[in-house]
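Quick heads-up: structures coming right below.
Consider the two complexes below, in which chain A is the common component and chain B and chain C are the respective partners.
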Partner chain A sequence: MASVSVPMGQRIRFDMRNVWIAPPLLILAVLFFYPLSLIAGVSLAGGGHSISLSHYTAVLGSALFRNALLHTIGIALASSAGCLALGFTLSLILSFVPFPGARILARLIDTFIALPTFLVALAFTFIYGSAGVLNESLMRLLHLPLAPVDFLYSPWGVILAEVTVYTPFVMRPLLAAFSLIEQAQIEVACGLGAGPFRVIRQIILPAAIPALLAGGSLCLLLTVNEFGIVLFIGAKGVITLPLLVYDKAIQEFDYPTACVIAVVNVALSLSLYSLYRMIMSRFGGARAGLV
Partner chain B sequence: MLVWSRLGRGATWALLALLAGVVYGLPAAMIALASFSGQWNGVLPSHLTFVHYIHAVEGNSGSQLRVSIVTGMLASAAALASGSWAALALRGMLPLPRRMLDILFFIPSAVPSVSVGLGLLVAFSHPPVLLNGTIAIVLIAHFVLISAFTYVNVSAGLARLPPEYEQIAESLGAWPGYRLRRVTLPLITPYLIAAFSLSFALSMGELGATVMVYPPGWMTMPVGIFALTDRGEIFSAAALTMLLAATTLAVLVALSQIPAKASAR
Partner chain C sequence: MAPDAVIDREQTAAWAAAPVLPGPVAGQASPGAVPSNHGGGITLEDVTVSYKGITVLERLSLDVRPGEIMAIIGPSGSGKTTALRAVAGFVRPTSGRIRIGERDVTDLPPAVRDIGMVVQNYALFPHMRVDENVAFGLRARREANEAVRAQVAACLRMVGMEGYARRYPRELSGGQQQRIAIARALAIRPRVLLLDEPLSALDAQIRRSMLDELARLHRDLPSLTVLYVTHDQTEALTLADRIAIMRGGRLIAFGESQAIYRAPPNRFAAEFLGHANLLPVTLEAPDAEHGLARARFGASTLLAASPHGLLPGQGCLLCIRQHDITLRPAEGPANTLAGIVRAVRWQGDLHSILLDVEGCQLRLSCTPLREPPAVGAVAQVHFAAADASLIPEEAAGNG
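Take a look at the complex of A and B:
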């Protein structure tokens, strides 16, 4: 035993420590990566054994799929932009025009993160639905025979619901970034005659850019993957990729088609995820206010 | 303070009240109101009732609440064990393999939940491993989706842990197992609790993967709520949603009351 050199001993200890990663890695491989690879397999082979791209050409060429892809991307972009605008406005007022109770309000909005996303979609049917409060009030007030507001059953309904649900994900990093700005800096700028909009443009916005990028890219990822809101609003014309996967697999038992769409959906999500990781490593998790 | 004039401040707060009220207050108030409403033909319900809540706690919906809590607790406990294990094991590794494995462990949270469900259906619908139609496939789906978040939370806690405590314990001759049990884990307890809370909340609201894989006897609350809205029973759905939100928040508040033995400062 005395002949074992020190570096050798260190190497053995290093290798032994790395063995500990095996159990969780194995679980992840069996329960996640293996099923994911089978989706890719079924999308290529279908029920048979020969590998072909025939399913891909059939699915990717269909109007249903292209429609869903365009809706998914369009809804995700519009929702993320909405989350950034609303999140920036709310965080700005909560941080820089504070009032007693501002922290409590921020906490209340933050609890929406813990609630299921479809809660908002369901609530919207009571507010903006064809028999909802808004339409009933307008019909009574203006003596209209039909419901005047029907945006809920268009992409706009999904977008508004997603903005509600995902804005807290933008506010978290923004509020953290705003708390790092020196209040004295803003007071000096105001004292020197800068108006609030100039202070926002020249001091607050530059400091918030990492948080906006991190929050915005996270929103893109989450809205592309969103399923509950689209399912609950259930508008005939508004079908996204996750909903199409569900329709094909569960309603039509068409697994090869569902798998092709799932492959496209996963590829889209993973590229948005790498965008998010790139932004996080570029600006650093601490500066963006996320862990 | 960004706005100095009284009028300007008043206007800013009015804008905040309007935005927060319309976007967050109104949906929360409306779903609460709907859950109590007996009949709603006019602008507001004509009378209020508890009947939807009574339906929600007995019969089918009552068992859905139990199913959701059991699923959430089991999947979160498994995710906590696996995620903490992975985060602890990754700590001693070299930067490059560590970063690559870090990405691997986080990927499940970036993939659409419906695809996770579809993958499990494709993989485990025929022998040798037939899980389709069992409770296990629901638990696995929830575990896969939330384990990434547990891993991230625990890693964040470990990254903020000052190395001195463990080094001192090691220099005093504490074995790795003892050190882990008596020093590292107590120090990251707040992060373990936060990880469990987040997992539980995510599991309680999970819909996409569950709706793909659930067997007839194991319907979670979100699936039940969707079934109700699909049948047009939206007031019962609202009551069940309120119950789901209240249960989730109650568990989160209870977990936040657990005193951490030592805080990692």
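Take a look at the complex of A and C:
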């Protein structure tokens, strides 16, 4: 019988391949970790030289911050919910309702992802703004002295814009998930007596849950950090965390407060990103590619 | 795997005796309920299906009798699956009518056609456990919970899968998944059962076992009408009472399984179903001896059945199955041919021998020979006149 020898006293060998980790680490340190550490340092020093949490207590206790946090979370949740509802509906239509041009339309959705977010806000201003096409038409038609449609300058305007911009982020994984559902499953379900809503609820929706969770958490992550749309629309009283950072740092030169809010914003984003990764790994394996 | 004997006769009897769907439970009619549906046949009348101007099914007329198993066979693209999907309601005929029982279902959606369907890849719902899969159709029809539980248990017992109720489809083998698919289709006590290549994804051994089970299942559920689409002639011949052969969207041959096998109506049917030998002959006398026709093949005179009304002098094909040819000539010169052995193949349970007879290929199969003929040797073969039939030379027209 052949014997297997095991080398004794193995020495740790230096692998040259490990050297390649140094350049990306260096770049990350210079471009990301160092600026982040500066922000964290300023947030803890509060403009002085000693490190304390007193500045955090003051900022986090302020009504302005709480208001911004609530707005940020509220708008992000509402936008994400809107994206999920609209994305699911549109993906269903594109995947399961045969009509000419469906494939081209699905590809067009990708181009939406490539567009800058403020572009939609700008387009909305032209359509729904005070001097937009809709208001001008209504004022002319109904002889109104003031613009009747003014939702754009409220949280609803921000939510609508964010839903428009971020729905493709839900649709992309959903379309991929739907493409993997066997047509035969749907046909068999119909043959067994299931109507369209039962098929959607019991066959399509369960298959789409990983994609919905991944798309939804990605939307949440992106909408929490959304700055361009909120700034561009300039909704009355709608201050979100990124906008508050901008106000404090650029308009008021209050860098310590801006840094505290930025750190909270980063913590919130990292938490959401962790959630996103957790969902990805939970529904990993064969379906990981979808999300 | 479940045990071999999986069809429980007691359960199939219980299945058949149970109240028909979609009435929720016995004695309780639900709004819109379809009446008792057993014994319904399928009728296709001049059904044509076209996609973007391309006709994939051309004026198909078929009548599947109540309680019958009819197989539709044909090569890929022959239109057999389209025909089945038209019956199921997933394909809308461009013209023609489809009836299930007495009901015209041409314009009805699949959900109300009262069909059970089993497809090649099972199409089990992956996120549902086995019992939930089987219960799906019953729940869709809003059956009472108690009735659903009883019916699911009965159907699982019927296919020998009662011990697998809480498993997910991914935890089952291919054969087990197929059994669940059959149980799911039968749970709703459909008017007709549509089987679309149901055994194609299984390996040969399990396929044979499932074929036996399907045959036994139908013996125990004689009122169930089955439309079975396959490209496998063995499945069709084993299960079906009648066979329809399709090619290019058209019905090429149709008839009782044995009849269509013994006396195929045309070249395509003869070749597709059993790879018959076809020898070009000229009909000499249509009713020469004992109702058999005499035909000339080169210098030889052959006797064969002539069921298709061929005329004297007409060129036709003599169809003879491989297993009906014997290597040693029988007494007397009738239907004896001499040929050069071109190939000899041992296939385990049989020998396959290819002969060149007057420039035509003739293949015969027989039980393994102790001393097979050598390649290049001259061999004499014989076949009984009753085993041979004459068919028109042109592969056209319905059977």
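We adopt the following convention: the second predicted complex is superposed on the first by the 270 of 291 C-alpha atoms of A that agree within 3 Å, B and C clash if a C-alpha of one lies under 4 Å from a C-alpha of the other, contacts with A are read in each partner's own complex, and residues count from 1 in each chain.
Convention: a residue touches a chain if its C-beta (ideal position, glycine included) is under 8 Å from a C-beta of that chain, and two chains touch if they have at least 3 such contacts.
Note that this is a predicted model, so its numbers are computed, not measured.
In this superposed model built on chain A, chain B and chain C occupy separate space and fit side by side.
Look at A:Q202: by the touch rule set out above, it reaches chain C but stays clear of chain B.
When the two structures are aligned on the shared chain, A:A249 is found in touch with chain B, with no touch to chain C. With both structures placed on the common chain, the touch criterion links A:A114 to chain B but leaves chain C unconnected.
Looking at the shared chain after the overlay, A:V224 reaches chain B, while chain C stays out of its contact range. Looking at the superposition, the partner that touches the larger set of chain A residues, chain B or chain C, turns out to be B.
In the superposition on chain A, A:L192 makes contact with chain C only, not with chain B. By the document's definition of touching, of the two partners only chain C reaches A:A184; chain B does not. With the two structures brought together on chain A, the opening angle seen from the C-alpha centre of chain A toward chain B and chain C is 90°, to the nearest 10. Chain B and chain C never share a C-alpha pair closer than 7 Å once the two structures are laid over each other. Counting contacts as defined above, chain A residues 187, 190 meet chain B in one complex and chain C in the other.
Per the touch definition, chain A reaches chain B in the complex via residues 14, 17-18, 20-21, 23-25, 27-28, 31-32, 34-36, 38-39, 42, 86, 89-90, 92-94, 96-99, 105, 108-109, 111-120, 122-127, 131, 133, 136-137, 140, 163-164, 167, 183, 186-187, 190, 196, 199-200, 221, 224-225, 227-228, 231-232, 241-243, 245-246, 249-250, 255, 258-259, 262, 265-266, 269-270, 272-273, 276-277, 291.
Contact residues of chain A toward chain C in the complex are 182, 184-185, 187-195, 198, 202-203, 206-207. Residues of chain B touching chain A in their complex: 1-4, 8-9, 12-13, 15-16, 19-20, 23-24, 26-28, 30-31, 33-34, 40, 42-44, 82-83, 85-86, 88-90, 92-93, 101, 103-105, 107-108, 110-116, 118-124, 140, 143-144, 147, 152-153, 156, 198, 201, 204-208, 211-212, 222, 225-226, 229, 234, 237-238, 241, 244-245, 248-249, 252.
Considering their complex, residues 22, 85, 88-90, 109-113, 115-117, 119-121, 123-128, 136-137, 140-141, 184-185, 188, 194 of chain C touch chain A.
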